[in-house]
Amino acid sequence: MTLKEILTQVQQGTLSPDAAGTMIRQDGYKEMDYAKLDTGRKARTGFAEVIYCSNKADEHLLKIFERLYHEEGEVLGTRASQSQYELVREKFPQVQYDPLSRILKIEKLDKVHEGKIAVCTAGTADIPVAEEAAQTAEYFGTHVERIYDVGVSGMHRLFSRLEVIQEANCVVAVAGMEGALASVMGGLVSRPVIAVPTSVGYGANFHGLSALLTMINSCANGIATVNIDNGYGAGYLATQINRLALGK
Amino acid sequence: MTLKEILTQVQQGTLSPDAAGTMIRQDGYKEMDYAKLDTGRKARTGFAEVIYCSNKADEHLLKIFERLYHEEGEVLGTRASQSQYELVREKFPQVQYDPLSRILKIEKLDKVHEGKIAVCTAGTADIPVAEEAAQTAEYFGTHVERIYDVGVSGMHRLFSRLEVIQEANCVVAVAGMEGALASVMGGLVSRPVIAVPTSVGYGANFHGLSALLTMINSCANGIATVNIDNGYGAGYLATQINRLALGK
Amino acid sequence: MTLKEILTQVQQGTLSPDAAGTMIRQDGYKEMDYAKLDTGRKARTGFAEVIYCSNKADEHLLKIFERLYHEEGEVLGTRASQSQYELVREKFPQVQYDPLSRILKIEKLDKVHEGKIAVCTAGTADIPVAEEAAQTAEYFGTHVERIYDVGVSGMHRLFSRLEVIQEANCVVAVAGMEGALASVMGGLVSRPVIAVPTSVGYGANFHGLSALLTMINSCANGIATVNIDNGYGAGYLATQINRLALGK
Amino acid sequence: MTLKEILTQVQQGTLSPDAAGTMIRQDGYKEMDYAKLDTGRKARTGFAEVIYCSNKADEHLLKIFERLYHEEGEVLGTRASQSQYELVREKFPQVQYDPLSRILKIEKLDKVHEGKIAVCTAGTADIPVAEEAAQTAEYFGTHVERIYDVGVSGMHRLFSRLEVIQEANCVVAVAGMEGALASVMGGLVSRPVIAVPTSVGYGANFHGLSALLTMINSCANGIATVNIDNGYGAGYLATQINRLALGK
Amino acid sequence: MTLKEILTQVQQGTLSPDAAGTMIRQDGYKEMDYAKLDTGRKARTGFAEVIYCSNKADEHLLKIFERLYHEEGEVLGTRASQSQYELVREKFPQVQYDPLSRILKIEKLDKVHEGKIAVCTAGTADIPVAEEAAQTAEYFGTHVERIYDVGVSGMHRLFSRLEVIQEANCVVAVAGMEGALASVMGGLVSRPVIAVPTSVGYGANFHGLSALLTMINSCANGIATVNIDNGYGAGYLATQINRLALGK
Amino acid sequence: MTLKEILTQVQQGTLSPDAAGTMIRQDGYKEMDYAKLDTGRKARTGFAEVIYCSNKADEHLLKIFERLYHEEGEVLGTRASQSQYELVREKFPQVQYDPLSRILKIEKLDKVHEGKIAVCTAGTADIPVAEEAAQTAEYFGTHVERIYDVGVSGMHRLFSRLEVIQEANCVVAVAGMEGALASVMGGLVSRPVIAVPTSVGYGANFHGLSALLTMINSCANGIATVNIDNGYGAGYLATQINRLALGK
Amino acid sequence: MTLKEILTQVQQGTLSPDAAGTMIRQDGYKEMDYAKLDTGRKARTGFAEVIYCSNKADEHLLKIFERLYHEEGEVLGTRASQSQYELVREKFPQVQYDPLSRILKIEKLDKVHEGKIAVCTAGTADIPVAEEAAQTAEYFGTHVERIYDVGVSGMHRLFSRLEVIQEANCVVAVAGMEGALASVMGGLVSRPVIAVPTSVGYGANFHGLSALLTMINSCANGIATVNIDNGYGAGYLATQINRLALGK
Amino acid sequence: MTLKEILTQVQQGTLSPDAAGTMIRQDGYKEMDYAKLDTGRKARTGFAEVIYCSNKADEHLLKIFERLYHEEGEVLGTRASQSQYELVREKFPQVQYDPLSRILKIEKLDKVHEGKIAVCTAGTADIPVAEEAAQTAEYFGTHVERIYDVGVSGMHRLFSRLEVIQEANCVVAVAGMEGALASVMGGLVSRPVIAVPTSVGYGANFHGLSALLTMINSCANGIATVNIDNGYGAGYLATQINRLALGK
């Protein structure tokens, strides 16, 4: 119920002020003692809640997984470990795990992937983060083109795939080390570029800080940046943009 | 001409290999000795080139302004000073200057503003950056809703304008100090949020670093971040997203 | 009106759902076009809104000052410049300005100062920040003991005033350079210590970062830290604590 | 004995100058060769000494534990490992260990918990730090309300528990990632907010630095910050504030 | 084929525009699904592609190794682990591995080493990085003089080898801790000095940042710096300079 | 005299041990009370000493300028101000000053410029640093190609000049903001690339730190980096490399 | 009086407990309302108090200067401005000011300078900091050898003065940029080296941070570091060491 | 031989110029292929060379240990691991290892410890670093007073030992967390204080950076700082100072 509907029921006497107060305050989440599942999120944002598995206690992970599966009929977990996969598989034998992207999921069959985004990487070492982005976007119904290993030390590799990239509604540029890929992309496409710095590199890379600063300071236009290694965030945002292009 | 068209003319003998080589390499910019104007940018990205006025030499600024005006019939300059305004005004009396956003422009009349984006600020001190974003987006044909001074220390101010914000195709969240506005926005809307950290604050704010880190680390989804005080970049990216929503 | 009162009036038919919705969303602030004054703040937090004058446009400062004076009968402005003082004095001849703390205020007469807090500094250069803390606390009705220049390079100076410090409900420890005063205080008193790092120092002090890190890492208990040079924040928080001790 | 009492006894001839000098210098701690237990701390600050177990040598931990148990009849250890628990349990079978908060303690029975503080977290991953805060406060006699998983990406979860939070004498806001919870709290309550940044997060979070800077720069009032993951410090300070509210 | 050759064939009708377009875009790399081998690199830069082994998946490493061996008849891998060595050895029994420099290679016999570069270290702990530089340069045909353990805390050690150093076409100065070796070298030789900071050290060394800053800020002339521990980059660049001196 | 020559004269009795000791220690500089001019530098390194004018006291600047002019017949000063130019011009009317590069010099006529280096910039704002590099290299006898405003946001501008760049013995890549130009260069040329980060930019650029980190972490080969804005250092090092290519 | 003397008088009845308590607590400083002059410092540490003039209010500076002159018959002020000199000169015509070191002092005649310390700089730009060190040491009675402009880019300049340096009881090494001088010194002398980083430099020097890290991480022994530009601290510490060598 | 002696022999014909040149360049170290032992160090600095064992290869460690034992009859190794101890013990059964300080040594019997230094720690966790300092100083012949666990959170513990501290020729203050101990010491003693920051702490301590900055910025006089956890450096420097006090 919207706020207006609640207030109208109070006016009509079909809802008491106390109950309304409770509804205004509590609508939209399930109390689970240790956690508050945000089950109203899909209505509010168009995306169901997702599980960030990293460091979740086993018992908590299982209960949250179960609850979300019950609510949505599918579940996406990110940053899952092999042992978490094995834990969940005991209860949900149909669960799928990809050790590269570390995504753990049960996904509805026959999901349609619409529109188009391009997920690009500078090197092969950036692929795990790119896959987190790509599979997140696919889970949320987006069609993804993967264009990997097109970093700036060999620009001709990028140019040979440029037409595919230029047709996408949104480009996700994933790069570690100095992260120059995002700037180059920004100069070549007319659509938004989401830059994802990765922690790939060593020395003065400082675990991704160098790539992050590169992307934030880009001289090219139409670029915004997410956290280091945050493939999930990029896939989510690219989906939002792709949906707008689809008129959703 | 596209690459294919050039190659076809070579095949047909209407273009020599040398001329074609030159065209493939040089198409799309004007050599101005000290600068290379990227006049092919509009065709490539959908946006004409813009002048970043800060620290431009007077002579350079005037010539670039003149050239772009000649090419496009309108010009947008950012980070312009009062004295640069006076300089340009001598030659272009119709030029407009806004000391708050520091935007210097000649704009075509009867420009249509379509779609909708929301530009929000946490405090009044963030307004100059927000205006740079808003006026950039308007220059590129976007309809802008301004919602200022809705920071998290008084959340009810934000909630009272929430419906307007939720209807926008893209939200620009401008905030200094701790920059928490972006995270709160991310939890409330279904459309992309472009976070703009500002250098407003003092002490451990470190000229905007604190707000930048907050926004990059946001626990909310659908947020990407541009450079500190980069209103122009946010207005540009918001326009790209708004155009997608308009089917452009 | 509380949420419950609003809902009860809706139930009783004395308030329409639309009006109630507006009230729930908008209660407590005044729209001033460029700013949203949080006039409900005093009811919500027990403290009237205060003006952070730094970089406020003249016109904005005057209007906000006027509005708050109208609402509260007194106004506190922090980080005000001499020229802002002269601006406000034209309209409010009774306004007072202290160039040391940079506080600009009109204060009600016969204000009672209750309880006790101690504001201490390591050196004389920290006094401007300490005065911002002390005068803020006094404005909000707190009795303040000032104990200045008692830094750790001459501990006997501190010990000679220790009894006064130990009787306070809250100690504000203001120090730049290495900021060791807060740790020493924490080991000597039973009440909360609010540590205020200042930007006093040079070199590897990095504009207060050194003192901030010292205070955050203190080995002593009962210490919490505010931003560099944030005397206002310390005076506000000390007042909250002092009020609790007074049973308010 | 106070300094005055010691001096009076010297005057009366019941204490020699040498003995008095020793007392003035040595009163209040026990020499243990490698450590100096601060057994006078309770009289001086109202809190018995606590053991920070991290990296303590086994032999040292056991002896300090034993000594404090002898002095106080109860002991609180923080940051204890499972193996330290097993070590202590051999000698003190009644010792209790909580692997979540890593608190190791023997606590007197029938302890009264008075007043009220609220310990809140942004996410479930922040709970270990929150429990260190909550159990520390409880050990020192404070009544604690736990309100977990109310982060800003789903504000309605926080609002549904707001009345409980607003009744507390002090709010402990525990958050990692961008740490925006503290700012939101500061705008909603009239009592002091102790902000605890946690190291939860990844990438540009830099092990809690991002949350720390957010909290230090908060635009809301009445907030002070402790070290990253310092639940103990927050629980201690919240107890000091709660005791003031109880007139202690 | 060069661009001109391609265009001439189009003109002559021996190449279709479509095929030419594909060649212009794709010439010079091999698509391997997950990676794009830059086999045109040797023609373009004079150096064959090299494998950065760190974190490469076993399957990827083997395939890339095989492909490069097929193309070049020799392969250089850097940052290889013992287990990667064992993996590759199964297929290429002739592969060589140096656990100090972590270089894994198959090298053509009877390679000539020309010119001269000097690779110097401050201490013995810097030798692994120095060996990566030296062996990389040797692989690319450079003659290398190794001068190790000549740091500034005992300058006479350096002076005794100065004539050898001064005869080199390029000096690689490898140093951790405070990295002063590069500055001293810069004042003593007339040829370029490539400074390589290492992560050797502890405390405020911050994993090589201290040495990096020292080298970047050197008061001596003729010094440029590569990434922390980047022996490979230094050996590559020294080879480029040595080749110029050889008239190549 | 070399060490060997000195020792031989001692052996032959034509030089006393005391005089020899003094020569071994003092050869090669002129004591000027406050400074020690390194007049032996040209013999040792092939480059005469240069004056870093920034913050030099007027009296010192004049004396050092005079002395070097006396020794070499020409002088190069960097980072000179307009007022320093006017000061020197009073005594040396033939002195030349370029306000863009801030170079102040008297240069011998008919100097030959040999070999070839390319000095490239990403934007027009980087030109002052590029000119310091170019004019330094020219002063030391190097032929310089200037290729300005070829940054990565419009890659076609760079490609159109690529042949000139590829023919140079050394490429100096000057870029601020995110500094991606150096990486792109590294992938396109076979000669050494000297990367010069500039302080051009704002926000998270942190006065050139972002560009510096980009360049240090470059994924391309054959790149080394000098200090932020250090055009002089790049011009010096490029000259050293160019001389090697010329067989000098 | 020592503590023992006070207690003995209490025992003997010649001192009341109250008076004794006051003496124990207050001995050794003069209350000046805004400051607490530490006039007991000379007895406690062997050095009279010194005035850090930077940012002192005029009125405060004059009063403290007067008081110290009254107590000691001489005064040393550091970091004084020209206008502070003029202010003090009105009242004390005999005051001396050195604009290079910014030292403002009245010094007793016929002061004896004993022992020997060496104050060395890397460049001429480091001389102001070196003079602050040297003149501070001289004020406290130390004989100082000045050895300036002996930085590592021309090591022979340093070696020619080595015997003087090796005879000093303590060496003060003052250097900016990369600060390598301290490490070189540490390897050449048997006495303590006090390293003083200066803010001389630009770019990645970060206002002296680079030199500070170099000195802290030195691979040479017998080096300790003071704050950036802290000549006073170095002169003070060198005097302490020199006095020990003199048997004082 | 000194330089003068060498030159005199050349003059007298008892030494050839070539042999003299070699001596001037090579005197004072032993070439060991991978390392250059600085066996002349004792004559030059008064201290024999010491082994920094961390990460030394087994073979290198054994050979260097053997060589130094042969030269000096005793050896001091720092940062040794248990397994390195076992390795060395096989060859030198008399070797001693202290797992707390990680010092591995063979020490001459009946060594005299002269003078006095005080080594103090803030907490028990700082003892390993303090022991490295103390045992280093003892190895070099210094008498050491250990005063541990006297941190500023319980100042009375420090005051009870103050007389011992004040009698020392040099005070080593070892502290982690916020490192305030050094400042307090500086205000209480007349002799040099060597501050040693330790990495003890967590969160915003940043592995000792907080304590390092505190000590570098100390408001007290007579303090200089060594690297984080550098007990060896402090013990060495304290010995140098103690020797001066002994007239050595």
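Order as written gives the chain letters A, B, C, D, E, F, G and H; numbering starts at 1 within each chain.
Note that contacts are C-beta pairs under 8 Å (C-beta built on N, C-alpha and C of every residue); 3 or more make two chains touch, one makes a residue touch a chain.
Keep in mind that this is a model prediction, so the values were computed, not measured.
K.L.:
Tell me, which chains sit next to both chain A and chain E?
P.N.:
Common neighbours, chain A/chain E: B, F.
K.L.:
Going by C-alpha centroids, which chain is farthest from chain C? Tell me that one.
P.N.:
Of all the other chains, the one whose centre lies farthest from chain C is E.
K.L.:
Among the chains here, which has the CA centroid at the largest distance from chain F's centroid?
P.N.:
Most distant chain from chain F: D.
K.L.:
Call it same or different for chain A and chain F: same when shared residue numbers make up over half of all numbers used at their interface.
P.N.:
same
K.L.:
Just the number, please: Cα centre separation of chain D and chain H in whole Å.
P.N.:
Whole-Å distance between the two chain centres: 38.
K.L.:
Which whole number of Å gives the spacing of the CA centres of chain C and chain H?
P.N.:
48
K.L.:
Between chain B and chain H, tell me the centre distance in angstrom, where each centre is the average of that chain's C-alpha atoms.
P.N.:
58
K.L.:
In whole angstrom, what separates the CA-based centres of chain B and chain E?
P.N.:
41
K.L.:
Identify all positions of chain C at which a residue touches two or more other chains, and write them in rising order.
P.N.:
Residues 153-154, 187-188, 203-205, 209, 212, 216-217, 221, 227.
K.L.:
Every touching chain pair, please?
P.N.:
Inter-chain contacts occur between A-B, A-C, A-D, A-E, A-F, B-C, B-D, B-E, B-F, C-D, C-G, C-H, D-G, D-H, E-F, E-G, E-H, F-G, F-H, G-H.
K.L.:
Per the contact definition, I'd like the list of chain D residues that touch chain A in the complex.
P.N.:
Residues in contact with chain A: 124-125, 127, 148-150, 153-154, 156-157, 159-160, 162, 200, 202-205.
K.L.:
Which residues, counting only chain F, touch chain G once they are in their complex?
P.N.:
22, 25-29, 34-36, 38, 40-41, 54-56, 60, 197, 199, 207-209, 212, 227-230
K.L.:
Can you list the chain B residues touching chain E in their complex?
P.N.:
The contact residues of chain B facing chain E are 3-4, 7-8, 10-11, 13, 16-18, 20-21, 24.
K.L.:
Can you name the residues of chain D that touch chain C in the complex?
P.N.:
Chain D residues touching chain C: 44-47, 169, 187-192, 194-195, 212, 216-217, 221-227, 233-234, 236-237, 240-241, 244-245, 247.
K.L.:
Taking the touch rule as given, give the residues of chain E at its contact with chain G in the complex, in rising order.
P.N.:
122-123, 151-155, 177-180, 183-184, 186-188, 201, 203-206, 209-211, 213-221
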